[in-house]
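First chain A sits with chain B, and in the next complex the same chain sits with chain C.
Moving on to the complex of A and B:
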């Protein structure tokens, strides 16, 4: 039996199980039939095991260089190192869809097996929805559109090797799976929301049941986006990390909607408001994950990520249309049952801030969507080809981002139901002073633009509000429980993880804002052609060019420029390179980066004397604070972990929160 | 922190104020978005299309074509870049500053962003190489490549 036999067979068996599970769980939900439910649950587990087996056989085929499989022949070579062979599982379309299907199968098994033996009717219905989605993706991976196990005969002696850009950095092993986990896990809240609509439940049981999975999906997507920005920065060699590329937009849109959702559910839990809105947000976030996959996988938009055009595009578009028609139709049908306690009213209240925050997040999403799809629309109508560049996104999204930073500081400081004047003074006196200090700091480090200074001020404002909350929380615990300062600090995060984890996320976002402001506004750049021994100046740094050398690896050859950054006498080494892979006609630039807390020195070998190695054209950038972008991303992830952990003493077994206990926010 | 606060019901006036503010924000953002959409749109043209449409000197456009073999010159010391971009009918002289992207080769596709000077040469602010492998090459702005005829 070959890897292809095992993998292809496992996927077909999993498809049969998913279809059976769909029928069994739908029957179980309708008839409250325990045996059908058990059968569905075992189907979910078995399907997951089979899809994992299929993924493992693909990974094994890649590691074993089994070129009888077309995917392996196209994305692997004998010289490919083991790490990059293994992660070539997601180097191209078919493998990526297989990874997606694997994660989805895991999510189905999670929905089937979470909680106790008797899972409630809501979860059973959600399970049926999950099975339907899994069946679609399993259909994709066994259909010619995205079958990863298609054979090639005769098998080539060597494969083409993975895409050069994908074997250049270890982050490639992290960024796509994180993003996919985030994308796919949104299907859990979506399935529960749809199940709640199908059953006609008016309440927010579905929100309580999926609070953690929504948070985890959001966090994984967010960290995956930051990891992608980091990969772009470290590999693509253009000195930036975000270009409003359609694929970046595809990833950020569901994240924006999910961020709105995570906040507006608090309004529903606390005030029984915005019920229809929350269902709409979950549907929107989920639909945007499919739209993102469609945009990136169908080849309708040109992007750095567009791998191949394939027949999968129309299938995904059909899936998106079906999902939208079904869920929006359900929502319209059931909306009368989603009665709110009343509209949001008092302007200076936390629920009002959440309302504005939601308006801004949705506006940000729609404007990004507009900029992403506009070229498609124009080309379809008039045939003219155009692109919407960064200026559009910068001009529209930067003010929205600043307004959101402001609300991020204001929201947690305002009580529910409205604030009095005394409350406002108590909550905002110190943070406003700190915000002023932030603005002065921005001016002191040489920032001048209004948006940049405001960005610093608002980031300082946010950090100050969080610090104030934490200090007050510690003080309260010390007086109430007689804890030590350190103990109170730790318990704050353990006992009220959702609230204080959220604050940690806010600090991470504030750091990201600072990093974006400084790296965008204050990067210095110089380009020079140097002979060995020559030097150039960038932002007060001297960079010495020591010469070129050739490095030959089995899978690639490199021309490396040896540089030294002279600051403080240590002379940190930089080695930007042009890398040549046998499957690419031209060199891939690999930047040399020296990161410190203050700034990054980022060097690119732009051109060199191919005959005698007598000169090299070097581009060097000094980019302030950019490493805080990655650190901020990690802090966002940490905050999400704190918020997702069960409150109180940590229980190792995560038991589904019983309905009725709404996790405390305040 | 959870202290019982007096539950205040919002008056109709307050509710209306809130709804109107939210609506005003949405309208303002929509207005800014549509304003910027047109000013930020950069059209792709071939050299022939650019000639036919008589693009004004200084206007920002993006030209797509092929680097004419034998015309690519890069002067390392002054970092002057010069080549002829052709679509098979019209040839445009492209002048730029800085090393060409690693993937830019004679006979291969290229996209240049910039403007026409009064002498009808094209001043490129960005030169983007395009090649026909499955993966689009990285470029300074990572802008979408033009489908060259």
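Moving on to the complex of A and C:
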């Protein structure tokens, strides 16, 4: 038996199980039949095991360089190092869809075993929805559209090797799985929301049941996006990290909508309001994950004309249309049961801030969507080609982002139900003063441009509001429970993780804002053609060029420029390179980066003397604070972990927590 | 009262800093080149601008922009030259006063419409029966903080 036999067979068996599970769980939900549910549970688990087996056989085929499989022949070579062989699992379309299917099968098994024990009927209905999605993706991977195990005969002696850009950096092993986990886990809240609509539940049990999966999906997608930005920065060699490329836009759109959802859901929990809206947001976030896959996997973003080249495009588009028609139809049908009974709140209240925050996030998403699709629509209608890129997105999204930073500071300071003027003044005095200091600091470090200075002021504002809230919480715990300051600080995060974890996320976002402002506004650049021993100046730094050297690896050859940054006498080394892979015509530029907390020195080898290695053209950028972007991303992830962890042991008097977690699940 | 003074001072500091930083300054030729290059697409890259790309084509285009700026051409003249050579596709942001301007107008319309709908969903008075006094609201807030601290 070959890897292809095992993998292909496992996927076909899993498809049969998914279809059976769909029938069994739908029957179980309708007839409240325990035996059918049990059968569906085992189908889910068996399907998951089979899909994992298929993924493992693909990974094994890649590691064993089994070129009888077309996917392996196209994305692997004998010389490919083991790590990059294994992660070639997601180097191209078929493998990516296989990874997606594997994660989805895991989510189905999770709902089958965990969810159905907590809220049997709702979760069983959700399970049927999940099985339907799984069946679609299994259909994709056994159909010619995305079958990863298609054979090639005769098998080539060596494969083509992975796309050069994908075998250049270890981050490639991290960024796609994180993104896919985030994408796929959104299907859990979506399935529960749809199940709730099908059952005609007026309540918000589905929100409580999927709180953690929504948060985890959001966090994984967010960290995956930052990891992608980091990869772009470390590999693509243009000194930037975000280009408003359609692939990036596809990832940020569901994240933006999910961020709106994570906040507006609190209005529903506290005030039983915005129920229709929350369902709509979950449907939107989920639909955008499919749209993103469609945009990036159908080839449509390069040109509408490449749309028909692969069968996957029309299939994904049909799936998206079916999902939207089904879920929006359900929502319209059930909307009367979900209508709000009165106004959401008064203008100066936390619920009002969440409402306006939602408007901004949705507008930001629509802008990205519009800018991404507009060239496609124009081309399809008139045949004219036009571009929409960074200048457009920056101009529209930066003001929205600044407004969101402002609300991010305001929201936690406003109480639910509204505030008196005296409260407002007390709450905002310190943060507004800190914002003023932040603005003056921005001027002092030489930032120019209203948006940049406002960005500093608002980031400082946000950090100040978080600090104030934490101090207030510590004080409250000390007086109420007689804890020490340190104990109260720790318990704040352990016992009220959702709230204070959220604040940690806010700090991470503020750091990202600072990093973006400084790296965009204050990067300095110089280019010079130097002979060995020559030096150049960038932003007060001296960079010395020591010479070129050739490095030959089995899978590639490199021309490396050895540079030193002279500051403080240490002479930190940089090694930008041009890398040549046998399957790429042009050299791939790999930047040399020296990161410190203050700035990065980022060097690119643009050209060199191919004959005698006597000179090299170097581009060097000094980019302030850019490493805080990755640190901010990690802090966002940390905050999400704090918020997602189950709270530590509670005081017996506080079992019936205000948010009603315990009460509404049982 | 002191809180109010602090807020006014903080706001004034932000406003002053923004006005100082946002004041129009004369552009150096290098800044002009950079700005024009940022609005042109690098024709051989995946969606990067000429300013962002280090490809040979982008560097040649940047050199041409430098030359034109040195010759004293206007921004429009430089842009038109590239437009003639590559087509409308080379410009990364669509013009506002044109059929394509919809791409600028729609986000603004969405924002305004969303804000109006949100505003209409808000009540003018607190939704609890009878307006609570500031003292009651403050007591409510204190209780919430206490509850959240042990949540």
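Everything below uses one rule, namely that the second predicted complex is superposed on the first by the 635 of 666 C-alpha atoms of A that agree within 3 Å, B and C clash if a C-alpha of one lies under 4 Å from a C-alpha of the other, contacts with A are read in each partner's own complex, and residues count from 1 in each chain.
Basically, a residue touches a chain if its C-beta (ideal position, glycine included) is under 8 Å from a C-beta of that chain, and two chains touch if they have at least 3 such contacts.
From a predicted model like this one, the values you see are computed outputs, not experimental measurements.
Q: Check chain A with both chain B and chain C modelled on it and let me know: fit or clash.
A: Chain B/chain C on chain A - steric clash.
Q: Per the contact definition in the header, classify A:106: touching chain B only (first), chain C only (second), both, or neither.
A: Touch partners of A:106: none, neither chain B nor chain C.
Q: Does chain B (first) or chain C (second) touch A:624, or do both, or does neither?
A: neither
Q: Could you say whether A:388 touches chain B, chain C, both of them, or neither, answering first, second, both or neither?
A: After superposition on chain A, A:388 lies in contact with both partners, chain B and chain C.
Q: Is A:224 touching anything from chain B or chain C once the two structures are fitted on A? First, second, both or neither.
A: neither
Q: If we overlay the two complexes on their shared chain A, which of chain B and chain C does A:359 touch? Say first, second, both or neither.
A: both
Q: Mind working out whether A:426 is in touch with chain B, chain C, both or neither, as first, second, both or neither?
A: A:426: touches chain C, not chain B.
Q: Looking at A:609 after the superposition, I want to know if it touches chain B, chain C, both of them or none. Which is it: first, second, both, neither?
A: It touches chain B, and chain C stays clear.
Q: Applying the touch criterion given at the start, work out whether A:165 contacts chain B, chain C, both or neither, answering first, second, both or neither.
A: A:165: touches chain B, not chain C.
Q: Touch check for A:480: first (chain B), second (chain C), both, or neither?
A: A:480 sits against chain C, while chain B stays out of touch.
Q: Under the stated touch criterion, name the partner, chain B or chain C, that contacts more residues in chain A.
A: C
Q: Taking the two structures together, which residues of chain A meet both chain B and chain C?
A: 237-238, 243, 245-246, 342-347, 352, 355-356, 359-360, 363, 367, 370-371, 374, 378, 384-392, 395-396, 400, 415-418, 472-473, 476, 589, 606-607, 619
Q: In the complex formed with chain A, which residues of chain B make contact?
A: 1-2, 5-11, 14-15, 17-19, 21-22, 25-26, 29-30, 32-33, 36-37, 39-44, 62, 74, 76-77, 79, 98-100, 102-103, 105, 129, 131, 133-147
Q: In their complex, what parts of chain C are in touch with chain A?
A: Of all residues in chain C, those touching chain A are 2-4, 6-7, 9-14, 16-22, 25, 38-39, 41, 46-49, 52-54, 56, 59, 87-94, 100, 103-104, 106-107, 110-111, 114-115, 117-119, 121-128, 134, 137-138, 140-141, 144-151.
Q: Show which residues of chain A lie in contact with chain C when the two form their complex.
A: 237-240, 243-246, 340, 342-347, 352, 355-356, 358-360, 362-363, 366-367, 370-371, 374, 378, 384-392, 395-396, 400, 415-423, 425-426, 428-437, 439-440, 442-443, 447-450, 452-454, 457, 472-473, 476-477, 480-481, 492, 495-496, 498-499, 589, 604, 606-607, 619, 647, 650-651, 654, 657-659
Q: How about chain A: which of its residues touch chain B in the complex?
A: Going by the criterion above, the answer is residues 163-165, 235-238, 243, 245-246, 301-304, 306-308, 342-347, 352, 355-356, 359-360, 363, 367, 370-371, 374-375, 378, 384-392, 395-396, 399-400, 415-418, 472-473, 476, 527-529, 578, 584-589, 606-607, 609, 615, 617, 619, 664, 666.
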